[in-house]
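Across the two complexes that follow, chain A remains constant while its partner is chain B and subsequently chain C.
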Partner chain A sequence: MSLKQNLHNLKEKYKGTKMAPAFNAIHTFLYMPNDVTHGGTHIKAADDLKRTMNMVILALIPCLLFGMFNAGYQHYAAIDSSLRDNVLTNFFTFDNFWIGIIKVLPLVIVSYGVGLGVEFIFAIIKGHEVEEGYLVTGMLVPLIVPIDTPLWMLSIAVIFGVIIGKEVFGGTGMNILNPALTIRAFLFFAYPTWMSGDKVWVYDAVNRAGTADAISGETILGSYAQNQEVIYSNWDKFMGFIPGSVGETSTFLILIGAAFLIFTKIGSWRIIVSTFMGAAVMGLIFNQIVAADIITSSSKFYGLMHTAWYEHLMIGGLAFGAVFMATDPVTASQTNKGKWIYGFLIGFMSIMIRVFNPAYPEGVFLAILLMNVFAPTIDHYVVQGNVKKRLNRTKLKTA
Partner chain B sequence: MALLSKKDAGLLTDPLTDNNPITVQVLGICSALAITAELKASIVMALSVMAVLALGNVAISLLRNIIPSKIRIIVQLVVVAALVIIVDLILKAFSYELSKTLSVFVGLIITNCIIMGRFEAFALGNGPWKSFLDGIGNAAGYGLILVIVGFFRELLGSGTLLGFKVLGDPIEKTGLYAIGYENNGFMLLSPMALIVLGIIIWIQRSRNKVLIEEN
Partner chain C sequence: MSKDIRIKKGLDIKLVGVAEKTTTQSSLSSVYAIKPEDFHGIIPKLIAREGASVKAGETIFYSKDDERILFPSPVSGKVVEVIRGARRKILAVKIAADGKQEYQDFGKKDVSKMSAEQVKNHLFSSGCWPFIKQRPFDIIANPNQTPKAIFISAYASAPLAADFDYTLAGKENELQTAITAISKLTSGKIHVSVGVNSNTPFTKILGIELHKVSGPHPSGNVGTQISKINPINKGEVVWVLTPQDMIIIGELFLTGNFNATRIVALTGSKFSKPHYVSAIIGASIADITKNNLINDNTRIISGNVLTGTQVTQNDFIGYYDNQITAIPEGNDYEFFGWNKPVFDKVSTSRAFTFSWLNPNKKYDLTTNTNGEHRAFVVTGSYEQVFPLDIYPMQLLKAFMYKDLDEMEALGGYEVAPEDFALTEFICVSKQPHQKIIREGLDLMRQELG
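This part shows the complex of A and B:
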């Protein structure tokens, strides 16, 4: 008997009991359901929620694999900086990937295990079907945390994020805030020492701190915030051979993911483009302020304000946030005009928070969460504006 | 004969559960968020509010027939302000450190909606003994939530309870800290107090049959 048949039998057996949603979820996740809708005419589309989610996961896979290599590469390069002279030969090695396997895979497994566990428990208590919303969140979470994040912290954050960020609002599709970013924000506010500084971004740097083998892995933004120069070239920054959260360093692969999402019409190109535009505008404003000598090199904001606007687009989590977080269809604006405003403000505020935040030189997740809250308001005014325009048109006609 | 009639006992126990001033009436949230980072401060705040509310209720109840209704709010404010100043001075005299932690929030008991609410809703229409019980009951309901929130925030945020290091020493790495546990800094921030409060309301509303609303 095939697995499908087995699952189907189990599903029938538990039908009507409390455990039914759990078996249903496993069954429909792996296979097409046996029974299709009867009667009437139906428009059939291949992209149900599960397929949509799977497309986003596919777009994230390159970032994950790159992040696994990068985990090892940053570790070894921090010990022996000569590795950086020949990136391409030293990057795709099995040693690098092995560190990725032992450090990144547990993050993925814990994120999925805990998150889906919470989803299943809620589905069983509330008696609804298990929703697929966590499939993408579970993949996003390991990519946006520092590599050395302890697993128990991640578990607590995931439980918090799924319950407070999503389930209290009624589950997938009803949430105001992006759950993955809620998890990231919880980690940031709860355990700041594990989320910022120059030790957490490179594997093993925390354990080695204070010993003779100490290594440092300050992010580019962290160095700029302290008015220091960095050793990475623009090529490194674009391709992602830099320290940072697990999967957000490679702007190149993120853009490939973006192309894929736009091609499959899952991600909104309006949001992606306008986010980059907003960030570029804010970066240019800061560049002009520096060029006008309003901020001199003695200011603590000089380093980040001085950073060229196109560099701002490549470093930090901006590209990842713009492509994979801001475009979340549930929490973003729904109207086309609203999407432009929403994305632009995300980019604009990301760079502003990045420059002015004294505790942590990055603001993409805060900017996106803030705009998540404002997205319905933006939509409301866009719709009202349209209503008014149409009313005026009818008035003109009748007059 | 019981010490209290059934109705009087209800005055004491209702505010603890079905008619809790914080979780059901959603009053007095401000101070519940501000001062609950430590359990000790929560307890002292609860006791201060209890003293002010019980004595204030009695005073308003005694004066209820001679207060002209047009100026009753002013009279209530005078009564509560006088009591708050007394509480503030007592705190300053006997536990100066704590009164510094509570800082302005003792003074702000004046603006605590629960107090004016009980004066208006209860003390103006009932006798002094009932008003006294009502004051104790409502302040206890308020204090109960404060203590619960304070308990979790101090335990998870600082790893202590009433200042005792119950989870071990974070610097010496003893107890739970030896296996890598860390304090949750978010718990010490006010937003987390709101979330803890929300969770308490959530649990209460889903368990208490009286409070479940029709959709």
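This part shows the complex of A and C:
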């Protein structure tokens, strides 16, 4: 008997039992189900949620691979800064990738293992199918944490994020906050020393701290926040040869991912474009404040306010947040008009928080979480516009 | 001045099996059936018991809510069986045709001289009232209300739909008579929509406002046209008729006979020769599709693939349908079907689905759901195929959590289930949109109606 027939027989055998959702999750991974339409339309379009989610994962793969190389590159470059003189030959080396394998891959495995474990348990308890939402979350999480994040910490954060961020609301499609950012926020507030500072962004910087071999793991934002000059060129910043969270550094690859998501019609171009616009506007405002000599170079905000607006778009997590986080359809605005407002405010607030946050010079994840909360309000007013139009039509008639 | 309608949002689903423009006469079936379920919201009161002899046009049952609304037998013969379901609900009344087709004589009428009341009573007594439907709620029209306008769509944009230019050809006389008659029932206009390039008999009809429609499906849906021409506001009612039913009404006034014959399109890849047949309402599927249907793992649909009803060969064509579609069932597994590139299915995305490369290709789609039911996740996709000035997802959600105020405010009076057929087709979460809308409309009618 073929695999297809065997699996079908097993599905029939376990139908209605507690374990059915767990089995079906694996079955439907291998085979698209044999369900046919009943009532309603007799034919259905080719897309399902698995396909949709899969597109996002594909768009993230370049960032993941780049992040794996970058993990090693930043480590070795911190030890021997002459490596930075010839990036292209020193970047795509097996030594660099090996660091990625031993440091980044475990993050991915733990994220998926723990997250999907929680999903399976909830599916079995609540008797619904295992939903695909975590497939994307599980890939996002390792890309937005510092490389040296301990795995146990990540596990706890993932459990918290999946349960409190998603399952308590009813699972995929019902959550208010982006689960990946909930996980990131949990890490940030529970273990701040591991999530910020000048050590965690480069592999081994934490271990070596205080020894003769100490290396710096400072990010660009960290340097600017302390009004220091940075050593990286705009080319490095755009291509991503800089320290930072695992997958967020390469604006270039993120934009390729964005192009892919927009082309496949999976990601909302409205949100992506408006987020960059909002960030650019806020950056320009700060640049003008500096240009008008309202603040001086002695101000503690000078470094980040002085940073050119286009530079703000390339450093930190802004691009990654705009393309992969803000576009989460469940937690974003759901109306097309609302998406413009939602995205613009994310970009605007990200740079504002980035500049003014005294503890931690980055604001993208906070801005997105904040706007997640406001997205239903934005939608409410957009929809009310439509409702008002309808009411006016009635009034015109009766008047 | 006529107002043309141009639709941009929508999707033409091109399928294999367009009906060839030839019509054969289907032989008179031995058994016909009238199914109360075709008349949504009607509770039937049976008149013709088992064994009763009826003529074509004689009442079989009437509506419990309004005794004037009668439902006639399409053929002359004998009531042989009343099929009942749970709680003695009548599922179908079967009539064995006697082969002679005797008509009950309702008398020839000169419609131009009839008053509104006379027209109404004639439609009641002849059993033609059920052909008039109303919006809101998409049900048989309530005769106690006066519609602000009457809408007729003579442009069919649904997949493989019967071509009205073909099925209405030569019926100018009947159509004009029916238009003259129903125009007495409204103080407003009669809006008729035709395809922009169509060669339609309606160009010669007087007393109507003609609209030329262009754009993808659902441009032919009457709901789309109403929203573009004269949208329904709270408290207003419009009536809706289909051209094929107008012919029956026209013939009634001209000849005095209830002749429920219509031209039915046999479409879809599971017909060896898709073409048109002339058949009487309620005819058996087996008779209409005889020697044509390839019935191996086939889904037979009375109606089109988006809004039709699933039937078997032992069933009967729906009261309002002028199309039978037969497509392959999709009850098979597909290895890695969720991530491999797809060339043989329709999609509005480009997520390794390649129907955008070849917009004119005809597809042989199956009934597979292409994925499992999920909560709403993706946003912004319904809007691309939904031309009404309504937020489709917000309305669907309001209909699901049954907030009557929101259902009303978001446009619940303006929609019918068929308006949500395309959003249901493209829905990534495979939600049953039409069912949600139907149940919500029933609730609105009950609570606010």
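What to note about this one:
The rule is simple: the second predicted complex is superposed on the first by the 371 of 399 C-alpha atoms of A that agree within 3 Å, B and C clash if a C-alpha of one lies under 4 Å from a C-alpha of the other, contacts with A are read in each partner's own complex, and residues count from 1 in each chain.
As a convention for this text, a residue touches a chain if its C-beta (ideal position, glycine included) is under 8 Å from a C-beta of that chain, and two chains touch if they have at least 3 such contacts.
None of the values given here were measured: they were computed from a predicted structure.
In the superposition on chain A, A:I159 contacts neither chain B nor chain C. Contact with neither chain B nor chain C is seen for A:I256 once the two complexes are overlaid on the shared chain. Once the two complexes are laid over each other on the shared chain, residue contacts for A:G40 go to chain C alone; chain B is not touched.
Look at A:N336: by the touch rule set out above, it reaches chain C but stays clear of chain B.
Within the superposed three-chain model, A:P150 lies in touch with chain B and out of touch with chain C [touch as defined at top].
In the overlay built on the shared chain, the residue A:L30 is in contact with chain C alone; chain B does not reach it. Within the superposed three-chain model, A:Y191 lies in touch with chain B and out of touch with chain C [touch as defined at top].
More residues of chain A are in touch with C than with the other of chain B and chain C.
Contacts of A:I101 after superposition on the shared chain: neither chain B nor chain C is touched. In the three-chain superposition model, chain A touches chain B and chain C at no common residue. Every residue of chain C that touches chain A in the complex is listed here, in rising order: 13, 159, 231, 233-236, 299, 301, 305-308, 310, 325, 327, 329-339, 342, 345-353, 355, 365-381, 383, 389-391, 393-394, 409-411, 421, 424-430, 432-435. Chain A meets chain B in the complex at residues 150, 152-153, 156, 164, 168, 186, 189-194.
Those residues of chain B lying in contact with chain A across their complex are 180-182, 184-187, 189, 191-192, 195, 198, 202. By the touch criterion stated above, chain A contacts chain C in their complex at residues 4, 7-8, 28-52, 54-55, 129, 131-133, 170-174, 263-266, 268, 329-330, 332, 334-336, 339, 379, 383, 386-387, 389-391, 393-394, 397.
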